[in-house]
Every structure is written in structure tokens, then in C-alpha cells.
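Chain nomenclature is as follows: A, B, C, D and E, assigned in order of appearance, with residue numbering initiated at 1 for each chain independently.
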């Protein structure tokens, strides 16, 4: 799972029928200290947990993106599956949700 | 999903039978402000939504590319599944379809 | 799908049984103008369309490589599924098969 | 499988239901001599073997991450499937678990 | 399929049950002339063909790694499926097994 921040959102009217009703968010990978990784490309992920802009989330990519309750059989390759409360690296807390 | 622009198209006569009748477009990743990413390689994706050259689209890759109505069981690893109306990053609209 | 050129071939006697009889070609990614991308690593793909050395082809990777008539259930992760006739980018033909 | 070191852990309350009860660890790729690869991004993986911080592990990514006893049908794309006892490269032992 | 050389091996006692009895080898990508690619990270792959250290092999990654007789349903994402006899690029033999 990628550690990413929700940085925006996307709107699309003409799309695969199975995507109807799904919220599409723009996410970008961050370090474990929540700094944006400028060397990473933002991608679009389906939100399955009610994430909001600015929140740190876990994003799964590939076929597993279809294994949430909202995305079964849906043509998506990236899904937000968790909102991060806290991260700890090397015994130190590097991120805690405000 | 990748954020990409349709930059061209491809023609192939000799191909896997299941590809017959599918439109093959060349897409290249763009920034959320619709600038081509020169560090990204153009790829060929099956168009499932009637996208036209110059349009911003979402491209799914991997096994999920087979999960549209047009591509079930078809040997494709990239499908265009949406035409982008608008993108918003950090509270600002960075792209709107003309 | 990757845009690639067939640059060579491979021979293997000791291999997974299901690979028996499949032609293994070495392909390398090219630009839409058919220039080899030196920053890309050649990979080995199963030929499912009778491609020959020097030809431009489309290569699918991942699970979809198993979805051709020749590769169903076979342990392969890259298959050549089309021979390219022509490519067009930005309204200009950038490649046409000789 | 990636060779990685467990460098931390993650806590999430709001998440896909099927992730409930799974331990989420932060792992980073290392060389075969157990040096962190600074050019690699830490990812979050489900622990299926009781790995602890500092241990060297093997991480599988993609659909196979769902093929452990703990993760069947779960939306995860990275699972820790083994704790490394030792690695040998070129006839020399490059790592042995303390 | 990646062109790789077997450079070492790995031992693990604590692992997913389905991995029991499988040989885990360390492989690193090589050029078609069998030079190690220093820009590529060694990965761990399951040996399904009796490969030995120093041999050139083909490695499949992703879900297809589970499609050999030895790895069906096993949580692995990289399998060695062939030992390379010879490679030919541009009409010249670039590698032949000793």
C-alpha cells in the first residue's frame, strides 16, 4: 500500500458505467513524515472510506483495488482503503492525524 | 488511474482475434494541469468511452483493464475508462474541459 | 500496451512445461517514431501473432498476457498481441510498416 | 519478492472492513547486505508471519498479496510472507539473522 | 519475462505455510550479453526449473508467477520458469550457456 495524501478531486461525466457514483480523488505519495514526494506522479483513486482533502491515506493499486465492497468488478486500479491515524518509524512517531 | 492525454492512434491488422474492433489510442501522462510529462513513455490503450485526440482521460492499467464492458476477457493491459471534465488540486481548478 | 520492436529471440530447453512450443522473442520499447529507448530494458515476450525481427509490435504485460488463445493458463507475463501497421501522433504519421 | 526491512508500523481506524485485525507494517527495501535503499519508497504491508521491527522480510506485491491464509479476498497489495534467516550471494553469506 | 542471473539464495524458516519446500533464489537482471544491471535491484524468486547459481534464467513476475505446477495458489510474485540456452539480438548470438 502506498502512503499518500489526498490533494484533490476529479469530475468525469463520460465514463465506464460501473464507475458511476464512485468518488474519484487525486492522491500523491508522501514520505512517512507527510511530505509530498515531488518525484511521484499524482494518480486518481476511488475513495472507499470517505477520505477528505489533506488526509493521509493508504492506496492499494492493481487488481486488489477491486476487492473493496464498493469496487467489486469495477474497472479501477487504485483504491483508497484506509485513513491513516498515525505512523511510527524507528520507534518515533512521524505522523499523527490532527 | 493515470491522468493522460490522447495524443494519437494506432492501426494494426495482424493482432489477437479478441482485439478486433477495438479502438487503440496512444496516450501520454500529463500533470494535473494538463502538461505532457516528457519523462513518461506513451502507451497504447483501448478506448472504451469514445475519447478523441487531445482529450484528457483516465487510464487504468493491469488486470482491471479487462473489466470494462468492451474488454472482458480481452488481452489488454490499459483501457481508457473516463473522459475528464475537470480536476481540482489544493482547492483550485487546474483543468476544465473546453 | 507497450510499443516495442522485436530485436531478437531466445532459446530455452529446460522450462516450465506449459511454455513448450511457444516462441520467445526479445522486445525493446521504442518511441512512436520507432527509435529504441535505450533507457528501457529488453524483455522476453511470447509471440502470439507471428511477429518477425525488426517489426513494431504491441506487448501486453501482467496477467493479461495469459488472455490470448495461445497463452491461457500459461506462466507468462508478456505477450506480443499485435503487429503495428501505423502510428499517428498529433495528426502526423510517425510510423508506417514498410 | 522484495527484500525489505521492517522499519515501522501504521495505525488506522477508518478503513475497509476486511482490513480489520490485520497488522500493518512499514517496510523499506534493503540490499542483500541489509542496507536501506534510500532510492526506494517505504510501503505499507500486511504482516502475515509475526515480523518485528528491524527484521529482514520478504514482501510480495500485487494480486499474490491476497494468497496468504490471512489475506484471502482482502484488499491488500503487499504482504510480508517470510522472515529472512540468511542470504547468500556469490558464495558468501551477506546476511544472517542475529 | 525478465532476463536475469541467479546470484544467490535465501533461507527462511518462519514463512507462509504454502511456501514450504520451495527453493528461493536471488536473481538480478542482466543485459542480453549477461552483464549484471547495477541499476536493478535483486529480487527473490521461486525456482521451478532447478536453476543453479550463475545460470541465466527467465523470471516472470506478478500473478503469472502462480501459474507454474509448483506455485499454484502460492503467495509468490516472482518465479523462475526457464533456464536460458542462448539469446540472439540483431542477428548475433549474445549469450550461449557454457
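The working rule: a contact is a pair of C-beta atoms (placed from the backbone, for glycine too) under 8 Å apart; a residue touches a chain by one contact, two chains touch by 3 or more.
What you see is a predicted model; the values in this text were computed from it and never measured.
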| query | Shared touching chains for chain C and chain E? | reply | none
| note | Going from chain C to chain D via touching chains takes a minimum number of steps equal to 2
| field | Magnitude of the superposing rotation for chain B and chain C (Cα, nearest 5°) | value | 70
| said: From the mean C-alpha coordinate of chain A to that of chain C, what's the distance rounded to whole Å? | reply: 32
| chain D to chain E: how many Å between their CA centres? | 20
| field | In chain A, residues with contacts to at least two other chains | value | 61-63, 65
| field | Ring topology as an ordered chain list, initiated at chain A and continued via chain D | value | A, D, E, C, B
| task | Going by the contact rule at the top, pick out the chain A residues touching chain D in the complex. | result | 1-3, 29, 31-32, 37, 40, 48-50, 58, 60-65, 67-69, 79, 81-91, 94
| query | In their complex, what parts of chain D are in touch with chain A? | reply | 7-19, 24, 26, 41-45, 53, 61-63, 65-66, 73-78
